[in-house]
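The next part holds the structures, each set out as structure tokens.
Note that chain A is present in both complexes that follow, paired respectively with chain B and with chain C.
The block that comes next holds the complex of A and B.
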């Protein structure tokens, strides 16, 4: 975008970063693209449909993106280390079936069943982490394998049956509370809180800085004294826990345990991460960008539906946006460097 | 290299950290703005009578299956005729419940008067449909029922049992005086459509599942290549099979290929259900002897009409509306009503 005055090459980088005005600095952040896209899209849709800007409708969009958005949060952690997770949707589906079935059949009390569901997700996430860290397999391959394993486990354990008649504890996050004249679901709030927590953890804590350092260069991170093996294990396991929370959100949203759920959510979560301005090469990106990325997909789906545009065009536009987002990121980085 | 890289790395890490803080702040601010906008914007959308044109939403299982393309065509035709505003949506893949839930919510938010849906999951979709009905939206199931059936105001679908019965009767008449060895290429365990067609065929043929003439039963998921594999396996088991019941035409064509490579295509009778254009073409060319044709276009047409009637005249809907089925064959048997492939091609889909 802004092609004006590059800082003099002789200046040390840290000082140069303080010179330009705030808006110019903002344009160079990875979140500039998604913020702009979201604003443009929202403006467009508010002119196209009277219902779009109603509180109820915007609350609905957040409710619709809470599952993929939460998955994308875990995905962001992994992509920040230059990894990728193809298994997140399948792990979530398995976790949701485990908690739904254990609770519906009364094997465990509902809250323990939820913990068990989140637990198996953490376990599968940790298994991914161990294979990547200690066996040194590429994340793409490990999670491709795990995708199939978790998918199969889901169908074996569920016996292909949808689990209904769930106790209230599992669906409470799908319930809403009134805020002004708008009904907001508890799940939406949990999702936003999760994002804020991880925005803080990644931005303000030593652990967060280590994650970025690992993504920038594992070798350098190791040499600066970061215990990279343990860090990578932790990241994959934490991602697993987040998928477990997504599993609970999924059960709450649909009110059932659905073995067929989540089949495209791995790619949808990567879409949200990329739209949010996180680099697939690691070390660059923000979790709040991911939230914006998920919102962009949700806003387009909702807005186009309100306009009466068919769902196949929503996929078309999502595809264009993904490529545009990566192109924007590449170009703005090249500009920064030159 | 390591020793010289270290200070650079520290600088970089520090930069990243500082830039991150700033970015986080910018981002948090925009997220907060969005939330503030959300709560400030007030009243949600209401479904129902707002004086404008009648609005109808159609949600199919997927966007790609020709059956649903035809269904959409029927909805569009009927919508134009009745001056209805039609919007469409679909699951991302066969079985995608969440995508359909999202579509239902968005259509309710858009203020539709009625939703027509072919559910991907007959049980899992029910809570979303109940919410829509609570807001006064008329909900119709097309092609496949929900579980329980009372979760929708009405069902517009083929009588699948009758569809099976027609080809059962037909096969029985064609096999008159010959000893039948029957292969049954079914859908999948526990899927209502498959069970209904299967039972219908047996009833039409006048036999039971346990009848010794049924020499092979296989599940095919309605998939052409799985149909071929199933038929190959059946022929291994019983090489003298001479009647093949198939759940749909892709499976029938898969079975035909397996029979042909064994040199058995000429003397084996294949019957099927669906009425897609490829299927009816296969009836015309003699690969398939007969098929029961169903009418997705009619389901959607009648659905749109029902919503219009409901909005304008407040008519009540109840239960099940049969959208019709015809036996399509160019080799009709005496005493059974049938239509030829020209009739079928006029009304086929795909």
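The block that comes next holds the complex of A and C.
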């Protein structure tokens, strides 16, 4: 479909030369706010604690956000279509139990067990997608139901037991390699690579443009010839696969299959997406913004920890931050319009 | 009155019927569009105007009737199918994806990929080429824009409609259909869109213009197709009739013979008077 071309242009382009410089365009992107927030927060914490800017501490921040960050990547895809996914954490927990149990009990070879865990997540993601696309239920309701289903499945299948004694293949992503004087986990690298891949897919491929068009208006997308039902199904399924990868990262980080894991991760992932400047109304946002959003949450928790602030106050501050970020976004957008 | 040899129509339909339950939206409608003309389609609400346009652009499938494009029988299964046949449609308010830039909108659904491995394996878009071609198309229609990288939502309504028109023109091989393109626009922006329609005609593409706005219709149309009660009741030339007469034909107060320029017959004197006409006893 991309092989056809429009009739060849006869006149040289006259307008393209007058594009504003790159930095000016950046200021107007939804990513400018999160970058600024991250810089301000990092500067603040570096004055509060000498440890904050150390390589080891920054590696720790990334290590702490890799699971929620990866979930938030899948969440971003769904929010870009004006949807929401409340079930991502529960789907991840189910996937992690499936791969941990299958591998620990020797039912399947470790790598196949991992694939099965990711496959289960993809399946539940596709089920969300089918209900939203074909039964036309609101994503909020569908994923609320799926949250309960996946939560229950996790507890039934695990029999409420934590799965231990996992084969090495399941925890290898938790291992580290030295970079300079800092130890970096393979999982952190995988998370960053995933973000870069999806930044490319959304920004540089036709599929990415179609995701934004679908989020702007499903009707416009349909009328321009985009197969919107198939696209929406793909988005939910891909998000499921990403949750499966998050499940593997979770198992690798904790070293066990924990049926109680991930219970607040759905809301944390939405927090990261929103802090990253992606609009809940769909069609606007960047996955690299989500990475920044996850980093902001991580930096605040880590920095406050270093300052000796209790975890319940960290939550309080995160809450204020989310509301402030959305308010800032809304007000700046209103100003731009008028 | 005009004994020129009739060129064969680009798009022709005969006896289109569309029923929704017991409502008949199209009741044997005919349609003819000739090369290089701007044809206005007018009609009161419920006259079957939009059903007719939907049938011509593949958005609905008529129960009965036949269509020809450049003399060949066609039956469109979907809007995409009609587009594949070179019929492009500009929708009133469903034209563009707001957060994407102009070039992305121009090529939405038909993106160009980089040559070589970058395009075939990595599916990378040829953003530069899409921008260059978009700029050329926009300047051809004299749509002035400061930047091609700004998202469409930052443009004025007229400029946005300009992007939609430019896209339709760039991809259309046979017909451009515009559904109420000025309905949401101010006076100045409407004038810009009418200018664009003229330039499309200069390029030789026929335009079907659906409009409620009589002054616009009279300003731009070469011919007027009047739709009433699910069928075409008249094809008239704007210079043969006044605006009030056309409105009267639309509402059924006047009837016009099928021969162009052969005058009108008053069927409802009161309604004709209400429309501002002073009917003569015989015409």
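Quick note on the criterion: the second predicted complex is superposed on the first by the 314 of 338 C-alpha atoms of A that agree within 3 Å, B and C clash if a C-alpha of one lies under 4 Å from a C-alpha of the other, contacts with A are read in each partner's own complex, and residues count from 1 in each chain.
One rule holds for everything that comes next: contacts are C-beta pairs under 8 Å (C-beta built on N, C-alpha and C of every residue); 3 or more make two chains touch, one makes a residue touch a chain.
Small disclaimer: the values here were computed from a predicted structure and weren't measured.
Of the two partner chains, chain B is the only one that A:264 touches; chain C does not reach it. Contacts of A:204 after superposition: both chain B and chain C are touched. Once the two complexes are overlaid on the shared chain, A:148 sits clear of chain B and of chain C alike. Once the two structures are overlaid, the count of chain A residues touched is higher for B than for its counterpart among chain B and chain C.
After overlaying the two complexes on the shared chain, residue contacts for A:43 are found with neither chain B nor chain C. Of the two partner chains, chain B is the only one that A:164 touches; chain C does not reach it.
Looking at the shared chain after the overlay, A:330 reaches neither chain B nor chain C.
Counting contacts by the rule stated earlier, residues 13-14, 25, 200, 204, 209, 212-213, 216-217, 219-221, 223-224, 283 of chain A appear in both its interface with chain B and its interface with chain C. In the complex of the two chains, the chain A residues touching chain B come out as 13-14, 17, 25-26, 29-31, 35, 38, 49, 51, 53-60, 62-64, 67, 160, 162, 164, 179-183, 192, 195-196, 199-200, 202-204, 208-209, 212-213, 216-217, 219-221, 223-224, 250, 253-256, 258, 260-264, 283, 286, 288-289, 291-292, 295, 301-302, 305-306, 308-312, 315.
Chain B makes touch with chain A in their complex at residues 2, 5-6, 9-24, 26-28, 30-31, 34-35, 37-45, 63, 85-90, 92-93, 95-98, 101-103, 105-107, 109-111, 120-121, 123-124, 127-128, 190.
For chain A in complex with chain C, the touching residues are 1-2, 4-16, 18-20, 25, 200, 204-207, 209-210, 212-213, 215-217, 219-221, 223-226, 283-284, 336.
Per the touch definition, chain C reaches chain A in the complex via residues 79-80, 83, 89, 91, 94-100, 104, 106-113, 122-125, 127, 131-133, 135-140, 144-149, 154, 170-171.
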